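The structure follows.
A, B, C, D, E and F are the chain letters, set down in written order, and residue numbers restart from 1 in every chain.
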Amino acid sequence: MSDSVLVDQFRHIATASLAGVMLKMGLSNQWVRGPMPLKADFPRVAGSAFTMRFIPARENVSGAFGKKLPVNRDAVEVMEAGAIAIADARGTTDAATFGDIVVARMVRRGVAGIVTDGAVRDRNGLLATGMPIWTAGVTAPPPAAHLVLAAWQEPIGCGGVAVFPGDIIVADADGVVVVPLGVAAQVAGKGAEQERLDAWQMEQIGRGVALPELKPLPGAKS
Amino acid sequence: MSDSVLVDQFRHIATASLAGVMLKMGLSNQWVRGPMPLKADFPRVAGSAFTMRFIPARENVSGAFGKKLPVNRDAVEVMEAGAIAIADARGTTDAATFGDIVVARMVRRGVAGIVTDGAVRDRNGLLATGMPIWTAGVTAPPPAAHLVLAAWQEPIGCGGVAVFPGDIIVADADGVVVVPLGVAAQVAGKGAEQERLDAWQMEQIGRGVALPELKPLPGAKS
Amino acid sequence: MSDSVLVDQFRHIATASLAGVMLKMGLSNQWVRGPMPLKADFPRVAGSAFTMRFIPARENVSGAFGKKLPVNRDAVEVMEAGAIAIADARGTTDAATFGDIVVARMVRRGVAGIVTDGAVRDRNGLLATGMPIWTAGVTAPPPAAHLVLAAWQEPIGCGGVAVFPGDIIVADADGVVVVPLGVAAQVAGKGAEQERLDAWQMEQIGRGVALPELKPLPGAKS
Amino acid sequence: MSDSVLVDQFRHIATASLAGVMLKMGLSNQWVRGPMPLKADFPRVAGSAFTMRFIPARENVSGAFGKKLPVNRDAVEVMEAGAIAIADARGTTDAATFGDIVVARMVRRGVAGIVTDGAVRDRNGLLATGMPIWTAGVTAPPPAAHLVLAAWQEPIGCGGVAVFPGDIIVADADGVVVVPLGVAAQVAGKGAEQERLDAWQMEQIGRGVALPELKPLPGAKS
Amino acid sequence: MSDSVLVDQFRHIATASLAGVMLKMGLSNQWVRGPMPLKADFPRVAGSAFTMRFIPARENVSGAFGKKLPVNRDAVEVMEAGAIAIADARGTTDAATFGDIVVARMVRRGVAGIVTDGAVRDRNGLLATGMPIWTAGVTAPPPAAHLVLAAWQEPIGCGGVAVFPGDIIVADADGVVVVPLGVAAQVAGKGAEQERLDAWQMEQIGRGVALPELKPLPGAKS
Amino acid sequence: MSDSVLVDQFRHIATASLAGVMLKMGLSNQWVRGPMPLKADFPRVAGSAFTMRFIPARENVSGAFGKKLPVNRDAVEVMEAGAIAIADARGTTDAATFGDIVVARMVRRGVAGIVTDGAVRDRNGLLATGMPIWTAGVTAPPPAAHLVLAAWQEPIGCGGVAVFPGDIIVADADGVVVVPLGVAAQVAGKGAEQERLDAWQMEQIGRGVALPELKPLPGAKS
């Protein structure tokens, strides 16, 4: 199965279903604490993780840095179309990880979505770009007020969850889940089955069936 | 006064008024910290508290439990029409206390509302059920990720407030208050009077009266 | 430049731009942590700070207070038209700093906006007054449940930021910034230039220019 | 194996070893967040859990309670010798769960230790009783300031961990772990083996062996 | 009763007893959250509150301040012998409210103790001065890193409690309580009685009396 | 000046002095929030930073990891004598970043000290090794319960401060400060001068000089 076919499957599976099936597989910590959609009606997005790692800021006093650090603008130009940029901002919400100018460029490059456990700024400008964004806060100060970009495409933590470059990120109205790349096909299969089960149970409830009497999905593996 | 008449009275009294009159009666801790309406325009709801008590999860390793614990699905089938399910989730927001399938059944049983100091999942599915819900968060993982239902209809704490089965729960745009059953009729009376006073003061302000010159409610006690 | 002309300039400069230019001037802590707009589409407001300082409540037991403390209603009647009331509520969100009756009177007096690092109550009533409000929470209990007004027009802290009476407060969709009065004209000038730069960069991005190739604002200093 | 023999075994196994072996068995959440020893050199204690469940306080206004709630003093008189009282205080540290008078009586009844995820008061008086205590804080106010005892010997949460009556509680300088009764014998066996392995590794390190070359415990399973 | 006689009485009453008797009088919020003794064996101290009010720092950029603010060194020279300096540091623990040089001078002026809901620095130097200190943390940075002294001898909040200049502050191993000046004599009397009751109950427990059978203090009111 | 001479200078300068002089140089964020000495009387330590970066744990389900991650035991064997290991544990205190076996080996390798913004376990075993340790907590569970080592000798954040490999770490009774390598010689010089000033001021206070009259250090550059 090609990557793009796989990613497309995830666009049809709720994060709630994915969190449930991964929990049953023994992966109990895949839902990202903090980020929620910047507006209510973004579509569900799925894509390959482009990780960004921020550390606390140090003032740019002469001699304070051994070498120049990269900035957001460098990272954006190496992102691939369809990627989801996911930032380890360490929960910092009094400085932005992204603002509207950088995000407008990310839209041009085809980035599929943004996730940060920190904050974004230029709320109205960001919404105008159309980029789907999951964030833990909205703020006014630029990154430099409290954050420095240290690296990209390294393993990170985001909202208490390990994220490796290339993991599948899925985000919807219930927040963001991380699907490890090596189990993504398996999770997609189980997730789709869970969606069918949920629909079947909802249909029964609509007919007045009590919860203890809900029938299993016809033809489902146990 | 019958219970349903009493509950109906509370549907016409703001939680802000109820919190104010209970404070004057010496009850200073009746507003629940955390839960807010899942969407902006739910009507005010009032009902008798059906308490649910969750504890932290323990993995279901062989031998780890002395006896089987109940689950949400068992509790739902004993809830009565008009009740408000109020859950002590200990502020856990990285696992849900309720999801859309269980809530769809609660609608069928006539449950009047849901309050949790934890989180719910399936946000869009929940809104589709029409159930008014007050929650401290939205999440993707199922309860089992971090929570186990220990009991129902016991005294609980929810958002820092004591709740006893049968207390009157009132919830609106300002959140959730708990009215002890034994003082509910008294609180309803004082609350209705407070509503009339507020309307009278608003009317005077509309006429340009300054705050120190606001006249008391004509005919009001004190 | 008259004060009202200056305030009017700030209505056209985003808080994100103001936080950025003040950071470059060496003022790194001017964005207020906590308060966000009570509804999404308030216009940007700017005005002179009328500071209010709350302390934790003490019950009114006989002898517990040496002298009578002021209340919100006293403070409101000395606010001037165009002021922004900004309250140091110490992050208390289980009691309100403002409710709808007091705010209705503030509208009558021409107060331009309200900022609190605590909470407000009567959400629907507040929205009905039309007053733009930035708050860290919504609650039901009145101030007396946890707060006492100690003084007004003193230096305060609000959301981790020092605020002096007369500072310029600017609030929009990204929250609230405090502009020290003594540097306000300088900040307004740099802020307006920042707005022109951002527009120029956005225009270039719309034409497909990559971030590292963004040209500086024609004719800009530096 | 008798219960007292089992409990005695746990007095010789560090909580760090117990947390490690339970994690390998799939029990990842058995260390209690918050409680630490009230003084540095308490011996390790182990015993059967006597659970106590507190909820937030409600003022004793006439009519506010349907029936009288129990108090600490009632619970203490049903505790058995060798038990460890473990209290779900919901992290409340501005009111005590235990004070010196009640604890002095618990010493007389042979209670082996106390654990609370809240606070204790009368620090010096408590130390004078000789009772080993693990607590998340020290405070001055009595329980009634913020807490009410709701029940005992029910399943509780303490510091984020499920505790069932009769579980084995072990507490030492690294805090408190909960060993589910049904797996206690198995955990004791693996824990003792872990202690032997640790001693063997320490002995090798003392001889200068590098970490990657540490030899496994002679005769150990895997 | 002279003030010094009254203060001396408080040196013999535990903060736990004071918190208990004030709660019964209707004063439920007099224990200060946060500050604990900097070392274990300070004697109990009592004295008249000298309040200090800090606000968040603003960098000293040209024009940023309308007038010069006072500093710790100014405040210290107006403190009277026997006073307890109590600082509203807003819970800031990453900058000190006091360091050893200022405190050495406070010792010389006869200040009886220090309370801060923030932090102190120069831990070893502070202990060398002999000053009894209750603090919420230890830190290295000076006040200016995050705090500015705004005023002294104003009503403040400290650790969630209202403090007025002249209130009686009592601090011991269980932390710090604030006794409103107007009720101090009454509280001292009830507190002394509570101490006698506690001693009598302890004596009975030493003789093996069970908690429900504890006899009231002979001759005590109620 | 050789590195070891420089490091030796820092052993005679308090972290409080270093935080103060760096603040004056424009470096306002160099004190690490959280870590405090594991026991009261460790000597001050100084050394070159060996950074360790932890991310949240992911269960080792088949396929969940693309490649094997390193572990503590690998990192320890590349640490140099005199280094200070400083771990970015993201504030996680319910799993250890270090335990006694690994630390015993670090002592053998000549590591000068350990700093973590997370927790350590085996408290008594750690103290027996003699290693000076600054930690934000003590815990029982091993790292794997919540943490995975992602990398070492990368730029990290620790307790809200940026740390680059090779920065000078100084730790004493007031906690931990980070001195950027490029300004270390300058900071050491200013720090030594601050120590002399403090001693001179203390000597004057001992003679009864009031704070506003303290004389500057004779011969000091103002």
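Criterion: a contact is a pair of C-beta atoms (placed from the backbone, for glycine too) under 8 Å apart; a residue touches a chain by one contact, two chains touch by 3 or more.
The shown structure was predicted, so the numbers you read here are calculated from the model rather than taken from an experiment.
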{"item": "Interchain contact steps from subunit A to subunit C (minimum; 1 if touching)", "value": "1"}
{"item": "Interface composition of copies subunit D and subunit E: same or different, split at half", "value": "different"}
{"item": "Between A-B and B-D, the pair with more C-beta contacts", "value": "B-D"}
{"item": "Between subunit C and subunit B, distance of the C-alpha-averaged centres to the nearest whole Å", "value": "32"}
{"item": "Distance between chain centroids, defined by C-alpha means - subunit A, subunit D (Å)", "value": "38"}
{"item": "Chain centre separation in whole Å, for subunit D relative to subunit C (CA means)", "value": "47"}
{"item": "Junction residues of subunit E, two or more chains touched", "value": "28, 160"}
{"item": "In contact (per the touch rule at the top): chain pairs", "value": "A-B, A-C, A-F, B-C, B-D, C-E, D-E, D-F, E-F"}
{"item": "Subunit C to subunit B touching residues, read off their complex", "value": "73-74, 76-77, 93-94, 96, 99-102, 104-105, 108, 121-125, 138-142, 144-145"}
{"item": "Contacting residues of subunit E [partner subunit C, same complex]", "value": "25-30, 55-59, 61-66, 69, 90, 148, 150-151, 154-157, 160-162, 164, 166, 180-183, 186"}
{"item": "Subunit D - residues contacting subunit F, complex", "value": "14-16, 18-20, 23, 28, 31, 33, 36, 160, 173-175, 177, 198, 201-202, 205-206, 208, 210-212"}
